[in-house]
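Note that subunit A is present in both complexes that follow, paired respectively with subunit B and with subunit C.
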Partner chain A sequence: MNLRQSLKPGAIGGIVVVYLSAIGMVERFQDRNVITGLVGLGVVLMLTTYAITAYTTARKSDQPLWTGASVGFFAGLLVALVTLGFEGLINAGLDVRGMFVSITPGLLETLEFGLDPAVGALVMVLAATIIGAAAGALPTLSDDLRSAIVYAVTSTLLMSLGEPILRVTLGNLNLPTAWLYELGGLTIPGLILILVVAFGARWWWMSGAEARRESKAHMPEGTRRTWSRTSLFLAIMGLAALPWIVGPFVSDVLGTVGLYVLLGLGLNIVVGYAGLLDLGYVAFFAVGAYAAAIFTSPASFLVTEEGQTFAEAGFTNLWIALPFVVIIAVIIGAAIGAPVLRLRGDYLAIVTLGFGEIIRTLVLSDWLAPYLGGAQGLTRVPAAPPELFDLRNPQHIYYVILIFGLVAAYISYRLVDSRIGRAWAAMREDEDVAEAMGISVVRYKLLAFAMGAGVGSLGGVFFAAKIGSIFPNSFGLQVSINVLAVIILGGIGSIPGVIVGAAALVGLPELLREFGEFRLLIYGAILIAIMIFRPEGLLPNKRRQRELHEGDGPAPLDQTEEAPA
Partner chain B sequence: MADTAPTTQSSRRLRFERIPMRRIILIVLSISIIYGVVAGSTATLRAGVFTAEDWQSLFINGLARGSVYALIAIGYTLVYGILFMINFAHGEVFMAGVYTAYFVAVAFAGNGFLNSNPLLAIAILLLVSMTVSVFIAVVLERLAYRPLRGAPRLVPLITAIGASFFLQYTFRGLYGANVRAYPNIEILDGKWTVFGIQMLKTQGIVIVAAVVLWILLYLFVARTKTGRSMRAVGEDREIASLMGINVDRTIVATFAIGGALAGAAGILYVFLFNQVIFTMGFLPGIKAFTAAVLGGIGSITGAALGGLLLGILEAVGPNLFLTGAEIPSPNQLQPVIAFGVLVLVLIFLPGGFVGASEEKRA
Partner chain C sequence: MSHLLELHGVSKRFGGVQAVDSVDFYADPGEIVGVIGPNGAGKTTLFNIVTGFYAPDAGKINFDGHNLVGLKPNQITRVGISRTFQAVRLFAAMTVLENAMVGQHTRTKAGVYGALFNTRNTVSEEQRVHSAAIESLSFFGERLTPRINSLASELAYADRRRLEIARAMATEPQLLLLDEPAAGMNPAEKEGLIELIGRIRDEKGYAIVLIEHDMPVIKGVSDRVVALDYGKKIAEGSYDEVAADPQVIAAYLGKAGSEESA
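Showing the complex of A and B:
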């Protein structure tokens, strides 16, 4: 039998669940209903782990159903035993929480499904076995059926997690929501409806897939271009209509996502196109925000000849300040870049990180506090005159960010195949060869750095305008890491990737408050997982994908299955 | 765009390009830094804010914290010497050990063991801290770095950054987000006077312990079989494996040794600074990396010297360079000194001062 083969994956699944419990994720997520009265997100997280380990093991086995079930069994058994163990320790009067702050009574209750410990342990093993068997059964099904099931389950989960947006949106459209959502989760009728609809839709779609692919392949070039133009146009129209559909709260989140798209596009030029890993990108974001604040805030040190601040002299127009801010950022970018761009890739990354931290420390210091506000930050950044756009209104600033984002996306798009873009690509692939071909490496690197700085500062300006006051704590290393994670998840060098990355990494956590404290944990895990399993990201840039898989031939699939030493 | 430009314009462009912007910026940068350091120092010394004793204690302080940096730096340098990757998560390896040992220390303080039997207690703390750090370092290598051997250079670096945040927030989830104060160990209170120089007992112990550990490590790398295989794998991985060296095991050993030293450094660190929190690994990590680069990455001696030098610069620097320039609260700017040193070393002396000649070979 293959019981011994499933011992290791089972143990891995169990350890992952224990880990997720011990860092508090299960309990925190459990606060959120997925299906109200039935399942919380914590339990879903747990069961998903079982399902994934069971599925990946079963897929390679010749008895998938049994393998899946036994993987689930071992995983569940491990978790149940650990739960009982902790229960015992606590009953013995040990102060477990003194060390592991997340092992709370609430967590144990979740892990025991609110039952008596022994019964709860049985239920855990049973649930894990059933889920494992179900996941193990998936590979035996036909492709269409499997796809339809996976699709139905994922859409249910997404619909449930999307509750904050969807409920508000439906409410704005004056549609009833009570039948679908209750206390943050789906209702049972809603659940059934979504399952059925998603399953049916996917089934129908899969059955017609062949014919559609055929007709697409025979579509004349002109028609295809019209199609893609039309869909782009529709997408932009959809984006434009969005804030009025979703209402102010979600618009605010969209604005933040847009800000990260902007930052991502900027960093994408540096990291994606020129291949320079910049870990201090937040520096330009900070420069943009602070420069905007210094130009326009009445609290600024910058005074005119009559001793008034610019704001008192009537200069509160962010739009006039904007080009100056960008020019300043570009100059600073070039000045920081010039001395360090000769460095090798990994050194460059650390140096830029150093610059980012230097700028943050300087901003925080008492020394520059008279100019930059120190820890108190700079407040009262005026929103530009609200004739056209009221920047404090989330629905308005969304448009501003959208417009600049589209412009940045268009420029990035046009850059790729331009002379500059090709020089960057050559440089990225082999610096020495590029140099030998007459490309001035330092100059093109500097150009990328300066452009990235300019776009990043734009992000900073809108950030300052949106929030109205800026504090040094908003400009820590985390921002650089967030932006990096955004472009890496989406796909380095890919413009659609930036948008998807920002939506997933910035939008989701904003909506799911439960994610809050685990945000950087998840970002870290994503950086590791993407680099190991799919370095080209979710929506890869074709050329970049080729570069990353250069020379590893058909190997990558096998590499992950390296036998333990 | 400029390809079709008329000749006069293109020759003007050429002339403009011939101005070596980079070199000019570098020269201006170095002159202004030298000027700032000299002017600031003379002003401070002339103002006489600090007495000779103050300088002595700052120097000892720098030496002590530099010893901690040196021990952490060895982890960076060993890994870089063998895999050519910056193990960005090494600071978290350091944090993990000492943060876990904190709970043991609290338990010992609770039952009085910590002060009734301090040497044994400290030994156990060291052991716990080192074990946890070794465990984390080895798991990190196995799960995050091993699948990426041979990937382009930036890939493992990005992974390491991800691992750094992953570990930080894992320990935040496990142990909570608060700053925790290490319990006091009575025999470490008080001062010693060595050759007429006063120092805190903790500082003395830290310096001595770091020197002892460094010597042990040096002997290990120079004399033992594992040490020889480490050097061989760093030289040429393929040939080493042809010579019958188990490359995987050697790399694991490298991570384990780096982890052990980081774990020990953690305990020494709390002797000096007394606090633990989940983010505590970041700054010492970056500073230790700076130290490794300063000394010449890949060189163990370089890591030690770089650590000490950076520690002294950091302790003495702000007061010496900045007080005279009438900059308020100069010690706030300590990180600027550390990062500034990092940037300057990488720009002007990327091989570090020990390994300057070796850089070309690597």
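Showing the complex of A and C:
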């Protein structure tokens, strides 16, 4: 019975391992140490597959511990057998290298754990069954224990994979790193320390959760507000300290993340609050960047009577130009909003998609080339007077983006909780009814587009200032899609979600660079996994979470009741 | 002589169908008017015309000194007409309280500036909105007030109907249009509804117009009944008069096979 239950997942798990091996991922990843001298990333990949296979198999059944463990045991065994079968075929002379160039002796060595083939096979079966049994037993454990184990294992993996950044970070803080990391992987003492600390911390947290919830529920309003203000303050302090801890390279990545946070906050107003699916959001990003360039670049067509550009004549620098850029973007936002007012849902999405393309085509066109530079773009965007912030320095521009990000977050936060936010929410839920409740749909749609455009243009301004020159191909559909993905991934309508979403979507590919050609494969797999397991996003607002998990509770629809008294 | 709501010769055609055919209609404060008629008689279309969702092809609509023809639905809400929908249409992802607070939209005016800087006016306005919403919810006794932080989608069916009425009341209307409020209710709930509609009229003094298929409900609440068939007004008067009208009987009996029983 257990065997049959494990059959299908085990076979799938086996195929996954064979696939990852055949495309060369296992072998390539093995070069990366996870626990130095013991486990490489290639092996971790296999072990993870065992664990996930066994866990998902056992999770379906509501059983006692030993049943879960045995289901996991068989699932792990099957994965190992499929892998060994594959290995056997290769050893028996099956030649598939015409298709899978990555199947090399080095791969076989990895699959054999660098041991004698027979011993290696034995080790694989042992590892697969032990890990399988452990992972299979996991769903039957208490929530606290399971959560602590999962945390300990994932923390170890993250600490190890984050080695390139964490080592630099610890170095910047003048902390010793040799005890923790060695040759790109964790040391054994480091491993034990992380496991123990992560397990203990999570255990402590989980066991105190009930009491905390209790005390939070009874906390007076004033205390609660003080608490949330303090934590917000600490979070901002943490963000402010970040560039000096992580160094210039990661700061540069953080700057890009920050740009996406700005864009995400803007689009969040349009899509998340007002429910207007805008697939051409890049238009506002482009408007911000181009308007900033035109006001400040010496290559600009905008000149005074003496033939000086505005910047040369001292009329503008980036800071002076900024409010004008935002105003222009707001006007263009409303202008783009006006023709699409009558459209809803999918139709709106298609039309905005068209607007995004129109803007890109316009900036690329020969017709506007004398003004916008055509394919050559606009270069020499000066980075504002450096007295305050040197915008070419990644650590400096990070602060500028952080400040404006906070402003944008504050604007969003205030708006959503106001009469305007309620009107948007009503419109998002049901446009006709919103109108019947007295909400001017025209007005609030335009307002959403205008606010979204204004915030998005800030992203464009700092993009131009950061890069120093702008080209039409920076403003393609991909940007619109990325920004939309940021807010969906983070949780639509959630301000912290936008930040986390941007960090995940923009930061992750940067951090995955060391995986070379497998980078986008992993990235895609992670995105799919997040959306399957957390459709409401990483940090959703509470309401949306409730909405999506409505089906989990008792269904209210069929309830009937007695008449009111 | 002039009524709160007055329709003169209002007509609306959809393609080949004359949905509403030169209908005269009126309603006064403190009066409950029942609108009956077989399915497709034009009752909901009439509501949609009054509330600005459809523009009439012909006819005049006056309300409290305003000409409603050409006004948008949100403007019509502002002058004091509020409605519910045949199929309950709440803002499902908003809480019960927020649904009612949306109703206050036209009675408030905070804009971007007020929202961003949380001005003193905005704060006091929000407090007013909050208490007005609570007030309209508490009209339903203990039905809605204990659940103000539930999502609208989490309510039981009859409570959704109640919330829709509470939301409409939160707009502070002079005229309330109820589109089949008893649909889907059990007999006990219908009893409660009859009592409730009467109480709204008594305490608020609204003019109330309701479309209803359920004859006991119509009989229980209406001061005056108007019957429509094929877009035309075929009878008007007290419930007993209309129920005895041969044209009304013909309209219902003629379709008895295909209609829900009245």
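Observations, loosely collected:
Note that the second predicted complex is superposed on the first by the 368 of 565 C-alpha atoms of A that agree within 3 Å, B and C clash if a C-alpha of one lies under 4 Å from a C-alpha of the other, contacts with A are read in each partner's own complex, and residues count from 1 in each chain.
Just so we're on the same page, a contact is a pair of C-beta atoms (placed from the backbone, for glycine too) under 8 Å apart; a residue touches a chain by one contact, two chains touch by 3 or more.
Here the structure is a predicted model, which means the values were calculated and not measured.
Applying the stated contact rule after C-alpha superposition, one finds that A:433 touches subunit C and leaves subunit B untouched.
When both complexes are overlaid on chain A, the residue A:116 reaches neither subunit B nor subunit C.
With both structures placed on the common chain, the touch criterion links A:214 to neither subunit B nor subunit C.
Residue contacts after overlaying the shared chain place A:354 against subunit B, while subunit C stays out of touching range. Set against each other, subunit B and subunit C touch different numbers of residues in subunit A, with B touching more. In the three-chain superposition model, subunit A touches both subunit B and subunit C at residues 419, 547, 559-560, 562, 565.
Against subunit A, in their complex, subunit B makes its touches with residues 1, 21-22, 25-26, 29, 85-86, 103, 106, 144, 146-148, 151-159, 161-170, 172-177, 248-249, 282, 286, 289-290, 293, 327-330, 332-333, 335-336, 339-340, 342-343, 346-347, 350.
Residue ranges on subunit A touching subunit B, taken from their complex, read 19, 22-25, 98-102, 275, 277, 279, 335, 338-340, 342-347, 349-351, 353-355, 357-358, 361-362, 364-367, 419, 442, 477, 481, 484-485, 488, 517-518, 520-521, 523-528, 531-532, 535, 547-548, 559-560, 562, 565.
The touching residues of subunit C, counted against subunit A in their complex, run 51, 53, 72-74, 77-78, 82-83, 85, 89-95, 98, 101-103, 105-106, 108, 110-112, 114-116, 118, 122, 125-126, 129, 140-141, 143, 151, 153-159, 167, 171, 186, 188-192, 196. By the touch criterion given at the top, residues 411, 414-415, 418-423, 425-426, 429-430, 432-441, 447, 451, 543-544, 546-547, 550, 556-557, 559-565 of subunit A touch subunit C in their complex.
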